[in-house]
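Each remark here refers to the structure printed beneath this line.
A, B, C, D, E, F, G and H are the chain letters, set down in written order, and residue numbers restart from 1 in every chain.
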Amino acid sequence: KRQGFPEVIYGEGKTVEQIQAIIHAIKAKNNNILVTRVAKEKAAPILEVHPELHYDETARLIYWKREVAPANVGQGYIAVICAGTSDLEVAEEAAITAEVMGCNVRRIYDVGVAGIHRLLDNLEEIQHATVSIVVAGMEGALPSVVGGLVSHPLIAVPTSVGYGANFQGLSALLTMLNSCASGVSVVNIDNGFGGAYNAVLIDRLANKA
Amino acid sequence: KRQGFPEVIYGEGKTVEQIQAIIHAIKAKNNNILVTRVAKEKAAPILEVHPELHYDETARLIYWKREVAPANVGQGYIAVICAGTSDLEVAEEAAITAEVMGCNVRRIYDVGVAGIHRLLDNLEEIQHATVSIVVAGMEGALPSVVGGLVSHPLIAVPTSVGYGANFQGLSALLTMLNSCASGVSVVNIDNGFGGAYNAVLIDRLANKA
Amino acid sequence: KRQGFPEVIYGEGKTVEQIQAIIHAIKAKNNNILVTRVAKEKAAPILEVHPELHYDETARLIYWKREVAPANVGQGYIAVICAGTSDLEVAEEAAITAEVMGCNVRRIYDVGVAGIHRLLDNLEEIQHATVSIVVAGMEGALPSVVGGLVSHPLIAVPTSVGYGANFQGLSALLTMLNSCASGVSVVNIDNGFGGAYNAVLIDRLANKA
Amino acid sequence: KRQGFPEVIYGEGKTVEQIQAIIHAIKAKNNNILVTRVAKEKAAPILEVHPELHYDETARLIYWKREVAPANVGQGYIAVICAGTSDLEVAEEAAITAEVMGCNVRRIYDVGVAGIHRLLDNLEEIQHATVSIVVAGMEGALPSVVGGLVSHPLIAVPTSVGYGANFQGLSALLTMLNSCASGVSVVNIDNGFGGAYNAVLIDRLANKA
Amino acid sequence: KRQGFPEVIYGEGKTVEQIQAIIHAIKAKNNNILVTRVAKEKAAPILEVHPELHYDETARLIYWKREVAPANVGQGYIAVICAGTSDLEVAEEAAITAEVMGCNVRRIYDVGVAGIHRLLDNLEEIQHATVSIVVAGMEGALPSVVGGLVSHPLIAVPTSVGYGANFQGLSALLTMLNSCASGVSVVNIDNGFGGAYNAVLIDRLANKA
Amino acid sequence: KRQGFPEVIYGEGKTVEQIQAIIHAIKAKNNNILVTRVAKEKAAPILEVHPELHYDETARLIYWKREVAPANVGQGYIAVICAGTSDLEVAEEAAITAEVMGCNVRRIYDVGVAGIHRLLDNLEEIQHATVSIVVAGMEGALPSVVGGLVSHPLIAVPTSVGYGANFQGLSALLTMLNSCASGVSVVNIDNGFGGAYNAVLIDRLANKA
Amino acid sequence: KRQGFPEVIYGEGKTVEQIQAIIHAIKAKNNNILVTRVAKEKAAPILEVHPELHYDETARLIYWKREVAPANVGQGYIAVICAGTSDLEVAEEAAITAEVMGCNVRRIYDVGVAGIHRLLDNLEEIQHATVSIVVAGMEGALPSVVGGLVSHPLIAVPTSVGYGANFQGLSALLTMLNSCASGVSVVNIDNGFGGAYNAVLIDRLANKA
Amino acid sequence: KRQGFPEVIYGEGKTVEQIQAIIHAIKAKNNNILVTRVAKEKAAPILEVHPELHYDETARLIYWKREVAPANVGQGYIAVICAGTSDLEVAEEAAITAEVMGCNVRRIYDVGVAGIHRLLDNLEEIQHATVSIVVAGMEGALPSVVGGLVSHPLIAVPTSVGYGANFQGLSALLTMLNSCASGVSVVNIDNGFGGAYNAVLIDRLANKA
């Protein structure tokens, strides 16, 4: 395990008791901690027992940073890009995960393809990133457009936001896999954590962390 | 049937003899003619018998205009938009169909989403159209971007161009159905004819043809 | 933005507070407002804060018309057509959206394909429309039949009504995309709003709004 | 086996030699014979060896009637209904199968849903049938419309005719399974033989054959 | 409408008030009544207002027989066949529908394919039926086996009973559509009503009702 | 590698030269050999170079037995069961694979579910097997029926035989995965080799090979 | 029925009363009992009436062993293998089922493919098993890796654990069906019971139970 | 465009003449060239006209390096990993693409998951790479296993190699998207080029090219 990387727990389907026990064990080993997909109702009793932990309701993440990663402060940043409020949960799961893992993050959140000019207004900030995470639901076209505008690696994260022929994110997933922009790779639907993990690995390589 | 509208024959799966016979019958009734999806090998013997007809190899269309439609010349035009050579067949099926039905057409063909600036360079011509037909394969994101830039109706035509997770055009079809741009409606995969037919009906309404 | 067009908010997945805040911001800018997919329980507290707004329970729409669109009153109308009670929600979403956007609407609601004569009894009213919106669930065959009877553009809206091999509207969607009637284009499953938006754009072109 | 019923062989995937051998064996037992799905090239050498057999190229059927079924001549008939040339192969497979099995058949072939009046022109003949076989490709809407007009049982046969979102007949199949007309049951895509077999069983019950 | 046939209402998605109103209207016209897919909680208040109606909890049917159909009592019967308790709801929807429509019904319910001998023990009763309705979930193999044992028409009804690779009845549906037994036709998943409707039409033809 | 087990080569997609080279290398190491999925045209030149090998055209297998496996001759046998000519290729791939691997095989080939009595006629031989391989296409119901009649393990092999809603074997695959008979496990579509491999492992355990 | 085998009841979709009645009937016949898929809330009232039964909350199994199976104690064992807490329910359903049916079971539970060394640490115990049951969700790769390391039969059980492109277990199911390791056969998603049943049949053959 | 990056042409669906013309135009602008998916028959006449180009038959690539990229020679390398001969085409498309773009490549080709020890034998070379491209067909499990063994970014490339339930690569694609190893992102089925492009971008960041 790389220095400063948190121990990651997949919270979905685990009980409050199970998560409490795992956190208890990890703390003894002095590690950083990240628990993903923790619903609000499950987070409350966990934080009562472990009051030094943080919980982010939008991202549904519990996290704790004891050991500081050899951070790349001042050097580079990961751009987390999405269209708006609907994809916020997944975008924040990605952004906070990357921050907990020691990276700088810039959030660029109001830039859907149906209003291309808002995206272009933020172009410089996007292009200067080391790596981008692009989160999109519905038709999932944003990574293709961003991918054509940047020359760094881009991790595309489809979300399950949509209805009807969206088929729980299948539409956005297929769009991203078929992207005609080069330099786009894809993770699972709603997997903001996975998108961030990939971006962090790249950011560390680029910044010799 | 509206004045000047061609009699339309779906050529796929019909024999040379069947198509020849239908054309023969129609010509007697003095109509305009449009035969779709005619492969090159089938077109040759048909044009030998009916040398006054035209054949377009890219669009795979046979057509004949005897009666002139009450055209909207000089008034408005349909924009046919696509990314490049791969979608050319379907785009030309749409463009020529619209022309045979009496409309002005402007072709804007080198404008994929992975190179957004080429699209923006043509923006004025696109925005001044009465209606747009946007043809796209692979991830099919072009209609979403164009739809956000225009305020007229847009007919999206997915194509089967692509491979792997494209699933013969399913990817582009789902993208278009889920478009977060308003004013986008969709026809079947590779249905350039259908896209044009819809656009022509709208163009005629707009130009009181 | 065209004159008189409402600001449109996608209500699904937004909290009461988020919707209230957005409405508050829009009202300051003096626009018309349309909020789609608002469940009854969410609408009540919103209307308490904004009592001048209207809510339609069937269509699940909140709307407010302050600025009058340059309406096409007395000129033409959009026909909204469906089979019966099951598809009413989507049909009303379409009809009210079109009305809020300044169009005349005629509702023709008791005309499923399994009783073709009721459809034929309303034929003249349907044929005189500028554009039709045809809403259908189950097998979704109604647009094909209507499409063969009219010579104006037709927007087909599949609904998720049905069970078993309906697959949440997939059956109706595929039916409409494969329609052998010309002049039919399709929007997403249950997307009454999108169907109306397309129809309104066409209606304005036709009536020089 | 009911009297006069042919021995049925599924020809697809069988070699010329295998089919010849089976026919040879059956003839010794003095039965009627029906071989389905025999391509033209395979039929020729088979008929050379068994010149008393008949081959229908459209229906791709080889058949031979030695023993006469206790026919219901003059009593009732099966209506075989389809839209046009594209579905002819499957419709003829159904029609000839029913005839070989001793039933009267009326072909009503030019009646697609996009031209509902041609269907209504043939309504009386359809309504007087004992049972209908309705063959349709593309969106497959014809059985729903016919089903609403008749009060006898209707066997719907989807065909694989179409392209794009047709998915080799899936679209028509789903349409028929979701039919909102009562009295419609469905067989496999392109299974004209199976549609006929069901209709013949019903026709015999009705006519006490 | 044939004599004695009930007016049929699809109860799913209709409110208690809507169903009460429709029943009220029908009773005035003196018809028989059948309401399908009525959950227990919705049935109670309806029967309070219309106490002369019957409700079957397993079949989820409300029905009322005022006018007696010209029944085929003593002449023939429909066999309703299924494997066991899991498919009982759909089987009873079929059986009671057929009874309300004036037919004799024999229930043969403990005969799944994994215990073929129980099926064979009931063979004679099955073979003497005029028509069979075979209801099956999971792998849906029962119609193929029964179809090979009888020479009358068989309506196959797939159910959504199962899990995993059952995909809500898709597995059983495909099995039945691919049946290699002749004389099998299929209705929608869980459509016990539709299976019965088809069987009743055939039974009436056979028994000259 | 167990004694007497052949080296197995997946022949699909390999060139004649590649297969020849692999065989050459294996022979040097004195092993038994099995090459699967070798088309007739590819087999001929391979056997010219290696004339001591055997080729079975139906099973599309090349094989060579130099070292004799510690066979279970006279002790037990594997039953390979299928309906008829259509599934013969896959059944023979299974049967010969098992024989090459040193097991006794009994072929029971004319026993489809649509004619259950032929299956019952062979019941004793099936029940006395150590393990059964049941090969079925179309609706794939045979393993469910056999599974209910035997108390030994059963390997189900779906085939891609069928058309329309068969979807290249998907129908049979789903049927087998959903089998309500206990003791049935499944391998990939058309994987006769895999079915045999599993059966051989079981047979060896049972017969202490 | 083999000696010592329990009567098995599929608990899903059955009421408490139905399960109580069936248990009551079986106990009279003195058999062993296994009820699968019983939720905690349903188990409580059942055990109140039948206090001698056992309930396992993780496996959701009710069971009772009165008659002792001719056990293979001290001879061999079934290895039940999975990655971690997420797949525990299905793994325990398999393990306890096998134990109730009289087999020795070894649980090897912390060995996912993303940490291959933990698997290799347990290799000897796995290789010495008579047969393995490998339970895996998410991408379902574990059976392929284990299958390459053992020479006994392996039953793969996909689970529905995962999200997004997992499609309720479809991903794991396809992975297992396509396994390039020989000796792997597959049962339905989440079918721990079925996996165990197959393994028990093999174990008995191997140990002459 | 980054220095030394080739102009990339998607060769599929383009004619020999079209490709020749594009190459002609690029050479004038002095760029490096890469043409993907060029079948052998199409490559021959192209190389006749442009004899200085190279063609690789396995990878189906035409390429030309005139301008040398500021290479990272001696610094780091990309590992291209696959199981064997079946996935060679896609692996070589990736490897050669990366080389043409100026990166060092190490090929590790005989390491499928069904023989885990061959993979472990190459572990050190894999772990020392800057980034890995893992190519896999059939069940596609290799990226999950490799991903658990390395701490650098991994690009997974599913291939369409397989049959039956492989569904043209869908199985491998889903496996990779669901990978429980962190640091894995995915590109389209058979997209060796896209996998390499992503890896090259990362390699350049890491090696400050």
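Simple rule for what comes next: a contact is a pair of C-beta atoms (placed from the backbone, for glycine too) under 8 Å apart; a residue touches a chain by one contact, two chains touch by 3 or more.
For clarity, every value in this text was computed on a predicted model and none was experimentally measured.
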Checklist outcome for this item: Two candidates, F-G and E-F; the one with more touching C-beta pairs is E-F
Checklist entry - In terms of contact pairs by residue number, which of A-B, F-G or B-H shares over half with F-H? => result B-H
Checklist entry - What whole-Å value do you get for the distance between subunit B and subunit D if each is reduced to the mean of its CA atoms? => result 36
Checklist entry - Which whole number of Å gives the spacing of the CA centres of subunit B and subunit G? => result 57
Item to check | Junction residues of subunit B, two or more chains touched | outcome: 164-166, 170, 173, 177-178, 182, 188-189
Next on the checklist: Can you tell me which positions in subunit C touch subunit D when the two form their complex?
Outcome noted: 83, 112-116, 120, 138-141, 144-145, 147-149, 162, 164-167, 170-172, 174-182
Checklist entry - Which of the residues in subunit E end up touching subunit D in this complex? => result 1-2, 8, 130-131, 151-153, 155, 173, 177-178, 182-189, 194-195, 197-198, 201-202, 205-206
Item to check | Sites on subunit F touched by subunit D in the complex | outcome: 85-86, 161, 163-166
Checklist entry - Where on subunit D is subunit F touching in the complex? => result 10, 12-14, 18, 158, 160, 168-170, 173, 188-191
